[in-house]
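Letters A, B, C and D mark the chains as written, and numbering starts fresh at 1 in each.
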Amino acid sequence: MATTAESMEREQKLEGIGCSRKRKEDPRFIQGKGNYVDDVNLAGTLFASVVRSPHAHARIKSINKAKALALPGVHAVLTADDLKPLKLHWMPTLAGDVQAVLADEKVCFQYQEVAVVIADNRYIAADGVDLVEVEYEPLPALVDPHKAMDADAPIIREDLVGKDEAGQGKRLHNNHIFRWEVGDKAGTDKVFAGAEVTVKQAMLNPRVHPCPLETCGCVASFDKVRGDLTVYITSQAPHVVRTVVSILSGLPESKIRVISPDIGGGFGNKVGVYPGYVTAIVASIVLGRPVKWIESRIENLSTTAFARDYHMVGELAADKNGRIKALRVNVLADHGAFNSHAQPTKWPAGLFSVCTGSYDIPVAYVKVDGVYTNKAPGGVAYRCSFRVTEAVHLIERMIDILAQKLDIDKAEIRFRNFIKPEQFPYHTALDWEYDSGNYPAALKKVMEAVDYAGLRKEQEEKRKKGELMGIGICTFTEIVGAGPSKACDILGVGMFDSCEIRVHPTGSAIARMGTQSTGQAHETTYAQIIATELGLPSEVIQVEEGDTSTAPYGLGTYGSRSTPVGGAATANAARKIRDKARKIAAHLLEVSPDDLDWEIDRFKVKGVPGQEKTMKEIAWAAYNNVPAGMEMGLEAVEYYDPPNFTYPFGAYICVLDIDRHTGESKVRRFYALDDCGTRINPMIIEGQIHGGLTEAYAVAMGQLIAFDANGNLLSNSLMDYFVPTAVETPKWETDFTVTPSPHHPLGAKGVAESPHVGGIPCFTNAVNDAFSHLGVTQIEMPHTSFNVWKTIHELGLDKQV
Amino acid sequence: MIPGTFDYHAPNSVDEAIKLLSSLGDEAKLLAGGHSLLPMMKMRFANPQHLIDLNRIDKLRGISEQGGSIHIGAMTTENELIASKLLQEKCPLLPEAARLISDPQVRNCGTIGGDIAHGDPGNDHPAVMLASEAVFVLQGPGGERMVAADGFFHGLYYTELAADEILTEIRIPIPPKGSGYAYSKLKRKTGDFATAATAVQLQLDGKTCKKITIALTNAAPTALRAKEAEALLTGKSLDEALIEQAAQKAMAICDPAEDMRGDRDYKIHMAGEMTRRAIRLALSRAGGN
Amino acid sequence: MEVKLEKKFSIAAPAANAWRLLQDIKAVAECMPGAQITEQLDDTHYKGQVKMRLGPASATFNGELEVKSLDPNEKKMEMFGKGTDTTGASAATMNLTARVLDSGNGQCELVGVSDVSVSGKMANFGGRMMNQVSEQILKQFGDNFTSRVMAMGEGAAAEQAAAAVAQQPKELNALALIWHALLGFFKSLFGGGKA
Amino acid sequence: MAKKHISFTLNGAAVETLVEPRELLIHVLREELRQTGSHIGCETSHCGACTVDLNGKSVKSCTVLAVQADGGEVLTVEGLAQNGQLHPLQEGFMQEHGLQCGFCTPGMLMRSYRFLQENPKPTDDEVRMGMSGNLCRCTGYMNIVKAVQYAAKKIQTPGGK
């Protein structure tokens, strides 16, 4: 038997699961050798620039390309009329709707794509854009979704007039997209009718944008001789893009190669298929030259993939002790001009019905109506699983409001309603099967860490002095890892994910994945999983993603699905290899496979010290000495279809002070405890949590895609769209518990989005808590100084003394 | 985000620059730090046919003391103002304000002259200049003329500077020893323009306020001098009640434009709050309380 | 981005003269700083151009002008203009209603109501200036109109007014200066009858 | 417009090229000189991803004309490592997990490179102020501050922490 010290040393050498090893990605990034889409430099590349609508809603009377085409260096100007013969002027969306690639007779949102200028370089292309003359007849713009279903509301989608269906069920109005209902309406209404206490609150998750630091873009290169299309693209889901491009272009998937190189952040912005991509591809096919399209930041904030815009009304029924008896939710969802939100096809409101949260709620009912407005399409999950941020926001605000009404402490009311550890697996009123959790333990740990009781005492004192101090609590449950193919698909493709591992003769390995990192360090994390499963050092395990010609088909990275789905595929693929290795080891040691024990990096013959074969030795043998009848080589592929989602959870507490003269909020303390099950690389997990909390801070305190009454954007540059600097960003305190997922091969759950999903309600609960003693129940996000001051001023708290 | 085409000129002397300016006329624009002009050109709001880059005119840089006043070359950068020992000692209001402008990289390019001549009420130096009772040296084909900061700012992007003139130097009378000063600025985040900001320069005579100047940033189409507020405080021993009255007088002259920073009501109240804070801070720095 | 404004201008000239000018659309249009009629399409429709300059920023709008109504009894004129800037990135519309009120003893008052709406890039990034800019447009319109009416008369005032007309800027930029001058001129005339 | 001939020192080597006056330094660096380490994130000088060192000062190269660099000295992330040795800042960002997607990293490195020369022994808050012209969407900045401090210490005591 190996000594513990000796085996521990061998284990450490692997730098596998649980090790905070440094990232394998970093050396290229810190030396300026990353390879992002705009860095791709193919010979003879042309540049595409988009002509966009200044109007939110208008009819196009004419487009005159002559002046632009006359500009030296301009190769082509494409409009909807040029795409019509190819049937590419409209494209299908992930939500069963269609979206104009280039505006067809009318524009339905400001900055909508009207024409594309292809020129020698980005300078000439920009000049060309100014020379394209478009004559518009402005139409009244519909900006307020609450007016979308009015009798006299302007009709946005004339192409759908007369159609009572737009891909997601029955439409009740020309601007209506779908109605989605889930739960027991009658049962819920009954409980409300007889409830001791009820609370009702309207609240808004305003329209925001993921705003990754790298904008969207692509380089499309069509080889006329070979008939191959290669597309370098900023996509979180390259395989899906290839499928969509094939459907659109008619080219066989085998002739299309989609490559996601290094990506400068995604956060949901890079899931969709955008008109810019399509037009660059068409231009390349038509002109037979590589065509590059790169968004400006203003275009990015104005057109590609907004998030949220959920106008919610929540209601809770409870008894006098604050035990929740029922939840009722009505949502008006503003989807913009085209329904191109990125959700699993069968889920028009994503996974919003997880809105019963961490609480044992007997009965619930949710209704969501989606409507069109004259705003950009999108509706992506901004660093969250589909619509889960909205769901968690709703329940975490509502339980605070209930506590306020009953004058019960906001932590206490949570303990009274938590699903108890012994209730797992727990089936929710809205039909989700929570895999595992221990909510009370998490909240207790956080309360002790921050001295919750002491904070409440301090708040008492401050309130006497007229000072505003807020304590926010959020005890969220996330649902990630989409998803079981019986429930989830994208355009009919099940949401499995994949891993292919090849172990080389000398004991190094390459793994190829169907997911796509946008900064989450997959090259490191997956290598660590394989290291532990195969007993080979993570250092010599190469992980590749994003090239559809080499990687197995996968659905990509979003909704924190990489570890829950891709990570499970990796573990299972590695285990297939280990099973074969066991047979080879048995052959080499001339024993039966059952006589072998696996230990860290080798198989040992039970009870016979020294009789062992390391994985390195087995790898060599796999290419020259395998049992009779066994094929050579050491590799495996796994397509993993998860049996269920995973349900990470956490307990957060935020403490902030508000300046009653300016409305400024200063976050004094933010303590975040996350439970994502088994932790693969704690350093990377902590980094993900820092980032998620920072994006949560941005959303809660400042981010807003704002419009004026005519649909003009008011915050579409980094001057007005809030991205915090190091100075504003609070200092984060992190903590964890570990409650493994029972159905995941490693017990891992996924983590990157929890801090965003749980962070936003925690901040907004803190701001609202600062005013709750004054009877305020809801201050809407974003909590800018201006917005907070309005409440202060109405209450007269800013009076000079 | 690509600027239109233009011709580029990089003169080595002010005379050369003025000659260019006169000969090229309306289609020429002066390039100082470029962080206001270049973004406008990238958005194609500004499309000058000629850019005259002042960055290669060394004479336009530098900070010196002459007689009772500080002379600052118009092309002196914000970071040079911040780093200047002379200013920190004799005229600390400037470095205090400069530190609150934009971010470190931009402050390496942004110049005091550009900030003033641009005529944007959101810029910070105009109010600081008003509070400092600065004098600007404008040079044109006909030679130099001196213009007081008070009276230089006419309207939105519209100043006393003629089309063929260049702002070459800023002259600031050195406040007497023991003067108080403060620049209080409220902004949404680091690097942002002011939601509201107030510059105060103050002298005490014992307990009484011998002299005070108060100026407001981004509260109207131009930076504003709050003269009534000044008059109210001059010759009195300052207390909270008086400071409050002064703030009210300052608020009364505000005419801000609504934007994402807030509506008029908020901005006017914030101008009042920044005025309170600046007066209090200046007072304590002057040894009052 | 929409801005509605109303302004009154007292004119030391008979209402009849003011009304006469108000019916001369070409002249009225040219009271708009930087504006000019380039082509008459029919009795009520014209093609025109407006040049604007604001500090380093400048834009040229090409568009159409429509005379909505000319009411002799009310001495009221209503026009609607819309245009797109030459880069196609911004568009603007303006409703202008101008009315002459006889204030007796050979003097009158011009009441201007403007409703300017801007969309596109200018609304995105120029929003905070819209109010002040349309202020200036209407103000300048009134002042130019006033001096043109007065120029119809005789005497020193008329000559000065004529001079002012001659000086009328071809763009919006210099207007502030000119109107300061005009202001002074009116003050001297009416002891500060602030236009 | 007539193109102008410009020459400057890039990462220690003399370079020359023909540019239009309107060409931005970031585009010339990335597209003509193929130094793609510096990135474009916002184009309005807010994000700092394009930060390079020009004549001993950090500037945002999306808001500097290439002609303005004529005769000057430019340092980009590609020139940070010296004869095969990573700069302490590069080490620091890796050791302290100061990057994720890596897109802001070259700008962060170039700004902190100059910042540590302006302020060799900064407090954490001074680091945050000194880096306030650079946006990161991934890390939340805490590890970036640690990375800069790691380098500050290493530079103070050469040959290790």
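The working rule: contacts are C-beta pairs under 8 Å (C-beta built on N, C-alpha and C of every residue); 3 or more make two chains touch, one makes a residue touch a chain.
This is a predicted model, so every value here is computed, not measured.
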Self-check item: Of all other chains, the one whose Cα centre sits farthest from chain D
Solution: C
Quiz item: Per the centroid of Cα atoms for each chain, what is the distance between chain B and chain C, given in Å?
Solution: 33
Exercise. Express in whole angstrom the distance between the two chain centres, defined as the mean CA positions of chain A and chain C.
Key: 53
Quiz item: Measuring from the mean C-alpha position of chain A to the mean C-alpha position of chain B, what distance in angstrom results?
Solution: 44
Quiz item: In chain B, which residues are in touch with two or more of the other chains?
Solution: 1-2, 4-5, 44, 103, 190-191, 259
Quiz item: Counting only residues that touch at least 2 other chains, which ones in chain C make the list?
Solution: 87, 89, 121, 125, 127
Exercise. Please set out, as single numbers or ranges, the residues of chain D touching at least two other chains.
Key: 20, 22, 43-44, 46, 129, 132-133
Exercise. Determine which chains touch and list them pairwise.
Key: A-B, A-C, A-D, B-C, B-D
Self-check item: Residue ranges of chain A in contact with chain C within the complex
Solution: 51-52, 54-56, 110, 129-130, 132-136, 138, 298, 708-714, 716-717
Quiz item: What does chain B use to touch chain A in their complex?
Solution: 1-2, 4-5, 44, 103, 186, 188-192, 195, 240, 244, 259-263, 265-266, 269-270, 273, 276
Exercise. Using the touch rule from the top, collect the residues of chain B that touch chain D in their complex.
Key: 1-8, 10, 34-35, 38-39, 41-42, 51, 53, 55, 79, 102-106, 108-109, 190-191
Quiz prompt | Complex contacts: residues of chain D adjacent to chain A | solution = 20, 22-23, 27, 30-31, 34-44, 46-47, 49, 76-78, 80-81, 86, 90, 93-95, 97, 99-106, 109, 127-129, 131-145
Practice problem: Using the touch definition up top, name the residues of chain A that touch chain B in the complex. | Solution: 122-123, 126-127, 130, 296-298, 661-662, 664, 702, 706, 714-715, 719-720, 722, 724-725, 727-728, 784-786, 789-790, 793, 798, 800
